[in-house]
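Next come two complexes, and both contain chain A; in the first it sits with chain B, in the second with chain C.
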Partner chain A sequence: MSSATLYSVSYDLSHTLLFALGGLIGGPLGRLLENGDLVTGIGVLVFAALLLAASMLNTIVLIWYERKLLGRFMDRRGAMHVGYAGLLQNFADGLKLFRKHTTRPREADEVGFYFGPTAYLVTSLMIFGILPISTGWNSGPMPLSLLLALVIFSFAPLFIFVSAWSSNNKYSLMGGLRSAAQMIAYEVPLLLAVVAVVVVAGSFSLTTIVYEQQNYWFWGPLIVALIVFVAAMLAEMERIPFDLPEAEAELVEGWNTEYGGMLFAFFMLADYLRALVGSILIVLLFLGGWTLPTWLPGSLTAWPLAGIFWFMVKTYLVFGLFVWIRASLPRVRTDQLLRVGWNRMIPLALLSVFLAAALVTVRCVPVFGCVPSPGA
Partner chain B sequence: MSEMWINMGPQHPMTHGLWNLRVRIEGELIRDVDPEMGYLHRGIEKISEDRHYNEVITLMDRCCYVAGLAWEHLYIRAAEQALHVDPPERAEYLRVLCDEFQRLGSHLMWYAAFVQDLGLMSPFLYGMRDRDLVLDLFQSYTGARMTYEYMRVGGVRNDLPPGFTASARKVLDWLSDRFREYDQLCLGSTIFRKRCDGLGVLKGPDAVHHGVTGPMLRSAGVKRDLRKDRPYAVYGQLDFDVAFADGADVTARYLVRMEEMRQSVRLLRQVLDWLDRHPGPVIAEHLPRWLGAPYAPIGLEGYLLKRNYPKGVGFSAVEEPHGEALAYVVNEGGEHPYRVKFRSPVFANLSAARTYLVGYHVADIPPIMGSVDVCVGEVDR
Partner chain C sequence: MTEEGAPGAGTTTEENPVLYVARPMATAARQFVKSLVRPSTIVYPYERLEDPRFRTEVAVASGRPIGVGQVWDNYRGVHALNIATCISCNLCAFSCPDLCIEMVTVPGPDPKKPKKCPQIDYGKCSYCGFCSDACPEGCLTMTTRYELSTPRRAEMVYSPQRLFDVFRSKLPMNPIRLERPENEDRILLDPPLCIGCNACARDCPTQCITMVDVPKTDPKPGQKPAKRIWKEPVVNDSDCVRCGTCISVCPKECLFWGGPP
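Right, the complex of A and B next:
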């Protein structure tokens, strides 16, 4: 397992910086800087800044990855011209959006129009402070980190609806309504699928859930929950079979029709941040997080950043699955989507909870081996 | 949510052109629709009155930008009848070649746009990719990919380049393999069937009543195809079946267009075989002297010309990729047509929108209108 984590690196950075500065100034003021609490505080800030940069960078790479992958599925090559294999294309696109003038329709509500996208982006970024990417990632143990992550994740429909309504556009309003209906309908099966994981792992802490998967990953015994979770996650991310809120064929761009420039970039970034969070949650809950199966040689995880590396590999593979789905499926209709959500997904999710409870009681499943006692 | 009118268009991803569909919705349900056309009106019929017979061909390419050659063929047939000119047989075969390749190109474009409306992203690009092969063929013998200006009164501009039939056969082989793939991607998908089955129903009697023609009519179980019912050019000598279905819904229209593409491939193979075996002239030898001239003879010469050339009226009906297009050309003597009038099939198909849209969901508008295959260029002319 890795010894140097992002948090320890930022703590060390803050420690070195403050002590060097304190030594330089000297005297009582310098000694004031060499304070443990201050080092921790600055360390957290550095951690947050690094995390922000890392998640933003990852999002942009994720967009590039999707474009290239989609290109291959469609018998073309995707972005090719800016940077090596088009790696810098998204930076160029972002720069273009950044330079554009932000326009607001005269009749739009000023507060809601600007507040919506900003809050959407900020809440999407907040989740990254909670998700553990490898061992010792976070500054301290968080017993309810999974719950917190899902709570922040479910803020989105509110902000989408605020920005849609305040745009004062019929397409935006319809998109916003669809979005709210869809996210609320799929929030329930999503949480029920998570309950199945929590029942087996015996904890709401993401770190503990990953440790519970040391011997076997949850995707096998909890396959029903995984299916429900992936489908509900697709609906939450508003990606192609379920992208009706921004169904461009009938609703132009749905709830973000009136947005352009940087505000549009906020939506775009937040969408991909949420896609990244979704993939990360699937890896954490079902695919063993940063661990590898025990039958693989230990040398694969015996180097400093192995945890993060394997985690990212899994995350990108999961996201690749979403891209594959996007490349091959048409969009469903709102009523069909809601009917599937309430009539199929929720019973299936309840079944997965029941199966998880049965698994915990029986302990041993023929193919997948035995479950350790919860919380052990 | 109370009822409201929304404008889908003139700039809207669903329209595939420049027209406006006004929709009265209640929640997600369509209560009423009102198609508004006319945003792309360029006065092609009026401009034609001021042009030489051969110069009108340029306008025909702009009339329908995905089926330019079919419209050229339509106009040329009427103009030849009005001018009493007979094209050589090889030219007729070449025109059928153009027509059927154009049908393939147009239907592939329709396929791409239609699946894109449903959110299917990859088949959209597959359709465009395969249409490009057809456009490459057009480029190799007309020199253009979209505005061909290939047909002439009395024949066609030029013969095929050497090696054309071989490369055309290769394209046909490739395409007939792809049709299976298209079907797997669409009909094999449960979501696709759920989105399309029983949608946008336009029954046979309603379709006839509204003057709906083409694949939309044939999908309603009415077996009418001008190529069979009123054979023009050399269609009477070729062997093919009329594609039709009974569903009268979006899926039926999909099936009809797919079958039409297969039949086009079948027709094209026969045409290519004939062209290989029968070389010959591609334009009539005895044409009115002024037909090819860049400027009309003026003065006494022009007067005599106008007085002496026989007058006539030409009418033609062509099964264009979108439906039955009719043309009427009046020759009152002289170098310009006196009057040109076209009947656009898509205009009639669009006008019936209230019949096949009301009662469905807002999300159903793109697949239904996609299955109509709108080409606004010919609607507004």
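Right, the complex of A and C next:
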């Protein structure tokens, strides 16, 4: 038998095998792909994967952005060595956390200990499926998308408390209690401030709210609502000056004291995901979303992906405001926090709702122009 | 955080919630703008404070820039050892408060008489500079080199040869002070105890001890003076570096420290 024959025999064998196997997989797949629902489903899956990648990437870049900004606020540079200007530092940190062993305290409750951070991260990620980023990046018409986003956003205290309780550590428990108290106290003014926006826009749909801001953005007429929203969002995101649940000076690391490795990374990611969600919500509700003011030249939004670009610019600027606040203000006390939340924020939020109602009644503001009729 | 709520009647920052938020934020914004162009920090491995371009930028409180010839020369970094001028007097090891200096044998010019030179363990060294102050010949000084990190502990120990390599790299060094105090102690001899064994003169690092012939005096009454010539050490005080080697090698403990003449 010559070598050529040998070669052809093996070639034939492998070719036949490949053909058979390929038919085995490809045949049913091709038949399934004629089904329109399946194609839609695969499209949704692809979109979800894209969304996951984009939100994770944004989160990690957001941490880098915060570190760089904070560095300049403190007269230093922040991360500098890994990647260009330290851009890859957080990827390296994430990789390190990913490789680390996860330890669980012996007395900790196993189910709650693992369920808490996972659910916290998953619910934070779920919000991104709802938020419209531009006309193209949009999960479709959803009349109550704002409510849904806020509902998912307010799951967090539960999971934080579950993980804090199951850690079986007094610092974790104190942090969890503080977190729950704080989030519940600030949930009310947050939602009332949203009500003011909804009253003016006449819709719970985030897309509609953005399109209602064609004439003017809502931050001007609803400045009281914006201030309440920003303060309440700071408390919800547990950022300085409202980072009492993880006050390093008193509670070691707050409710994530016992967590290390990837579970800690879950908390970290989810915290910054929520910060991103908060910034995105402020942009959507008060800063006109992906639109630009009409007096700017239209060529700024004429190119593809311009909506996403301007949206991200606004989001990062809003997050820069949070970093600015973090760099400036000291942490408040728990009683101050709760007193401000219940005694000051809620009356202010009610005032903002009243102002919004007045705005809808009057319809026209001297500087900003006229409101479109509600529900139009 | 009540920016709008209940504007306080008071004017202090504590009472007015708007000022409570606005003042720190204005301060932070000013700092941000100021450090946006160039923060105060330098990117260390890529930039160094001893670079000439930082000498004018980074000024110390007195207004004088940090640079070679100014403050920087007094930096106490890794030692430089000139093996050629080392006289193995042991004073550096004697003065070291951390016991990090060990005198080790190095091949000297005379193969029969190897030299002992300091070997420094930088894992223990506290960079106090006593050794270079004590060095009578000015052969052990400190340089401005400060990067000594190494992955192995054994590499923290600098042999005399490595210290000599540092010396040959011509780094900026601490000024060498060789002036000696006027009222220094001297080596004194208790003559009746001396047996003239020559040990002190043999081991003196500076060869400042010479054995001179001394007739054995004060014979017992009625006895003839001794025929044998006795030798006694005589110390040349200007050459003596006060290392005390002679005292430690004397078998009869007849040498001792004495006050100024």
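Heads up, the rule we're going with is that the second predicted complex is superposed on the first by the 343 of 376 C-alpha atoms of A that agree within 3 Å, B and C clash if a C-alpha of one lies under 4 Å from a C-alpha of the other, contacts with A are read in each partner's own complex, and residues count from 1 in each chain.
The definition used in the following text is that a residue touches a chain if its C-beta (ideal position, glycine included) is under 8 Å from a C-beta of that chain, and two chains touch if they have at least 3 such contacts.
Being a predicted model, the structure only gives us computed values, none of them experimental.
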item	value
Which superposed partner A:252 touches (first chain B, second chain C, both, neither)	first
Touched partner set for A:332, first chain B, second chain C, both or neither	both
Partner chain in contact with A:174 - chain B first, chain C second, else both or neither	first
Which of chain B and chain C A:75 touches, first, second, both or neither	both
Partner chain in contact with A:344 - chain B first, chain C second, else both or neither	second
Which of chain B and chain C A:241 touches, first, second, both or neither	both
Partner chain in contact with A:224 - chain B first, chain C second, else both or neither	second
Partner chain in contact with A:107 - chain B first, chain C second, else both or neither	neither
Touching both chain B and chain C, residues of chain A	73-76, 241, 327-330, 332
Contact footprint of chain B on chain A as seen in their complex	70, 73-76, 170-171, 174, 177, 240-241, 243-244, 247-252, 326-336
In the complex, chain C residues that touch chain A	1-6, 21, 24-25, 27-29, 31-32, 34-36, 39-41, 43
Chain C-facing residues of chain A, complex	69, 71-77, 80, 224, 227, 231, 234, 241-242, 324-325, 327-330, 332, 340, 344-345, 347-348
Touching residues (chain side chain B, partner chain A) in the complex	1, 4, 6, 8, 12-14, 28, 115-122, 124-126, 129, 185, 189, 191-192, 194-195, 361-366
